[in-house]
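You will see chain A twice below: alongside chain B first, and alongside chain C after that.
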Partner chain A sequence: MGFINVKKKEVQIKIVYYGPGRGGKTTNLDYINKKYKQRIKTEMVSIKTHGDRTLFFDFLPVDIGKIHGFDIKIQLYTVPGQVKYNATRKLVLKGVDGLVFVADLQKERQESNIKSLEQMKENLLTHNKDISKIPLVLQYNKIDLKKEGIPLLSVEEMEQDLNQELKVPSFVGSAITGENVVETLKKIISMTLISFRKELQ
Partner chain B sequence: MSSGDEAIKDLKAAILAIEWEINDDAILSLMNAIEPLKKELAGKKPLLVCLQVMGTLGQYIKKAKQRAHPDAIQLLPSVFAALEKAVTGDALDEKEIVALVRVEVDKYNHLKNELAKPRKSAAKPSAPPQDVTAGAGGGGSTIRNLMDQKEDRAVDGAFNALFDEMVSGDNSQPPSKAAPSAMPSSTPVKGEGDKEVVPDRHDEEVFQEADDLLDDFFSDDGLDLSLGDEEPGQQEEAGGTVEVDVGQIKDEKVEETVVDVASVEEAGEEVDVSKIERIVKAINEDVSDSLLAELAEEIKALQGKYPDHSSMLLFLQSIASVGRHLQSNKECELELSCEILQKMYDRLSHALFTMKPQQHLLAAHLDMMQDYINWHEKIVSAMQKTVVEAPSVYDEMALKKTEKLPEEIRSEVVEIVRQEVDSLRTELLELITQN
Partner chain C sequence: MYDVSQEQLEDIDAILKGDLLSIGVHCTIIIDVAGNTIAQIDDGHCTFDVAAFAALAAGNFAAVDAMAKLVGEEQFSLHFHRGESESIHFSKVNEDILLICIFGQDVSLGFLRLKTAEVIDKIKSIWDK
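Entry: the complex of A and B
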């Protein structure tokens, strides 16, 4: 859960990037980190295996500035996407305030997207969180692969698979080129901060 | 072995378990171990006081969990050691035992005073609790807890209430009357200014100020847009990223079932870090370049001497980072950096003291990471202030930072974490399994 300290005039929010393995969660954070490194000024911590896969999680703290005198501190996390690391994913989800589900547009990844979203739902339940209530944004990643002729799912198919019931904001993007990466992040932070509005005013 | 010896052994095991990991089972074991000893030691008031202190500490730690004051966790084995000595040390007479226990009670009083300090301003019993919008079942985030340094004053309050009762029992009543059920049942009083918020989805709402802030922060104005030439996900050297290659890792499931505890144990050799203790102490009195150089040299020596002692190396690496900061930016948050240096050394020292019988160092490492991240945030914040007042100084500092940090951190961390991560994962999984 988010934390507001009126005395220190500080708000802390935890955003987690979730999704199937090799979906682009870490690449999202990498992009943010590199593009805004002059403003972020802290370092992204990323623990990976030899195969360049996230093992524990990536962590990127970002101070975005002040609202009504309150420092807004965002902590961005990714979970390891590989199926076998579900215990770690559960742990990282503890205390999450907002979620970005990074789905893979590749046709062959259709099933893993659905499974991963289902698992996220279950994992959230273990922390007494309801997927229909928590701020959530979907990102349909890897649109850049279209140019390479790789078969991709259409946006309609993605919406049908993942967003039919949730009806949350979604973005088609490319973490590798940065397309809609920032928009996704802005949206989830904005959605999460809405719950703090009363406290901040 | 007598039933008393058996009970002492059980108590020792319970205390060690709490040192390794604070959870309800461990506290329950402690309570279960204390009860038979109360009967065993009936009539021996100094020893019963020890048991009472341990019981009270156990209740406090149960309530506070990771936020428990570190001294409380350290006091448990200390009180136990006194009890054990009094019970098993046949050469001790009554006076010596009382003196032994008195030392522990004094430590307990000191701890009580420490915990009472932050409550002074908010101790009015009639003060209404802060409006807490958090769901009761939401639980705290382990990671957030580790990042969160705020004091849990409600827990401190519980401790003080228990302490008061224990002290009054100590003075005038049989110790066994200090019951854990004396824990206050009223709504926890949040600390002044502290509030937790569970974000809900408000699809239709717009928070204009937040959106404006986000637009400002994420605008392209003034950015170095060299990014287009690089693909962030494919870059070998990630600017500003501490990227750790930890090698081939076993599957989670495999690790859950085939954990060879012995393989992750630390080297049994005694490690002497007294020189670091001396240097850190001296730095806290007067920071000088020569001391900082000495610190760096000693850390290097220890790293060279114990290349496989991954747990210790992780601590040393963090201490070295703070040392480097002091070397390059002594004027920036000097006091804070000295404090964190001392704290890190304390954690290292404690870990070295307790690591031999345990494999669960994750909490200690994460605590240290928490300290480090908080310190780092404050340093960055201080530097941000500096940029407002003296942009040129800030630019210079920032330049130094970007030039030096990635290389230094990367080279040091990679090797350490490669060895460390297997054991951390094992511990993490155990934590998760137990939760």
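Entry: the complex of A and C
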């Protein structure tokens, strides 16, 4: 739930990167952190396992400037992707305003993508949120693996698996090289802000 | 998205200052369960990153709350971390917001709990306006 602080003239918005394990959610935030280092005043917070996997969440606050005189503070979170951490994923989704679903283009990850999206739908329902009503962007990640000869799914297959009903914006990208990472972020920020336009006017 | 009026925020700040900073609490923060910071008052010596603290505190509180439910408790009545020089006390104001106090060894936990109970009642009545 976004919060408007009329006293400080500031709006806080929560955007969560969701998706299957090892899909590139944390790598998206790492790239954003490096790219916008000057605008990000604080360190990225990551709660990781010893094996460097996300245990609870990553957190990165980004200031994007003013709209209608309000400072817009975007708070980016990731969820832990591993199947066993669903209870934690639910907690991170509390009060979410916008979502990026990071899917993995690798053929062998097809089922994990579908299962993760299904579970996201269910988890949102536990917070009384409908996937069709919340701002959502899909990112088909790891296109960089194509040149290494790893079998990837086509964009059409990804759309068929994940976006047939949702019909939300999607980007083919690479979190590791940065391809379409910023475009994904810009899209979800603009969609989320549009959903709040009445409150901001 | 929700908002709170300037008057409500000023009333909350006044309560935090008058009832908690006055007894020696170093920093007090009101956050919502999503991790947004609603109000923050400190004694001028708190230099940590409040946004990151709020995100971690909301996650921490939510995790403890979920653990309570797993063992059949509605909630744990005391949520407190004691450090060598700084300690943190969490309390639930209502379903949406939490009160966090960071304090040193010169404040007793018992007294703080009494004061936070009073503060919670006051904030609730402002919040419900």
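Everything that follows uses one rule, which is that the second predicted complex is superposed on the first by the 201 of 201 C-alpha atoms of A that agree within 3 Å, B and C clash if a C-alpha of one lies under 4 Å from a C-alpha of the other, contacts with A are read in each partner's own complex, and residues count from 1 in each chain.
Convention: a contact is a pair of C-beta atoms (placed from the backbone, for glycine too) under 8 Å apart; a residue touches a chain by one contact, two chains touch by 3 or more.
As the structure is a computational prediction, the values presented were derived from the model and not from experiment.
K.L.:
After aligning the two structures on chain A, examine chain B and chain C and state clash or fit.
P.N.:
Aligned on chain A, chain C clashes with chain B.
K.L.:
Once chain A of both complexes is superposed, is A:Leu138 in touch with chain B (first), chain C (second), both, or neither?
P.N.:
neither
K.L.:
Quick check for you: in the superposed arrangement, does A:Thr27 touch first (chain B), second (chain C), both or neither?
P.N.:
Only chain B; A:Thr27 stays clear of chain C.
K.L.:
Under the stated touch criterion, which partner chain does A:Pro61 make contact with: chain B (first), chain C (second), both, or neither?
P.N.:
A:Pro61 sits against chain B and chain C alike.
K.L.:
Which partner reaches more residues of chain A, chain B or chain C?
P.N.:
Of chain B and chain C, B contacts more residues of chain A.
K.L.:
Contacts for A:Lys186 in the overlay, against chain B (first) and chain C (second): which applies, first, second, both or neither?
P.N.:
After superposition on chain A, A:Lys186 lies in contact with chain B alone.
K.L.:
A:Val96 contacts which: chain B (first), chain C (second), both, neither?
P.N.:
both
K.L.:
Using the touch definition from the top, say if A:Val45 reaches chain B (first), chain C (second), both or neither.
P.N.:
After superposition on chain A, A:Val45 lies in contact with both partners, chain B and chain C.
K.L.:
Mind working out whether A:Lys37 is in touch with chain B, chain C, both or neither, as first, second, both or neither?
P.N.:
In the superposed model, A:Lys37 contacts chain B only, not chain C.
K.L.:
Touching A:Lys7, do we find chain B (first), chain C (second), both, or neither?
P.N.:
both
K.L.:
Please work out whether A:Leu162 is in contact with chain B alone, chain C alone, both, or neither, and reply first, second, both or neither.
P.N.:
Once the two structures are laid over each other on A, A:Leu162 reaches no partner at all.
K.L.:
Across the two complexes, what residues of chain A are contacted by chain B and by chain C?
P.N.:
1-7, 12, 14, 42-43, 45, 47, 56, 61, 73, 75, 77, 87-88, 91-92, 94-97, 196, 199.
K.L.:
For chain A, which residues are in contact with chain C within the complex?
P.N.:
For this pair, the touching residues of chain A are 1-7, 11-12, 14, 42-43, 45, 47, 56-57, 59, 61, 73, 75, 77, 87-88, 91-92, 94-97, 196, 199.
K.L.:
Looking at the complex, which residues from chain B come into contact with chain A?
P.N.:
It comes out as residues 134-135, 137-145, 147-148, 150, 191-203, 205-207, 209-211, 213-218, 222-224, 227, 230-235, 238-249, 251-253, 256, 373, 376-377, 380-381, 383-384, 398, 405-406, 409, 417, 421, 424-425, 428-429, 431-433.
K.L.:
Where on chain C is chain A touching in the complex?
P.N.:
Interface residues on chain C, with respect to chain A: 1-6, 9-10, 32-38, 49, 51-52, 55-56, 58-59, 62-63, 66.
K.L.:
Under the touch definition given earlier, write down the residues of chain A that touch chain B in their complex.
P.N.:
1-8, 12-14, 24, 26-27, 30-31, 33-51, 55-56, 61, 63-68, 72-73, 75, 77, 84-88, 90-92, 94-98, 127-129, 132-136, 167-168, 175-178, 182, 185-186, 189-197, 199-200
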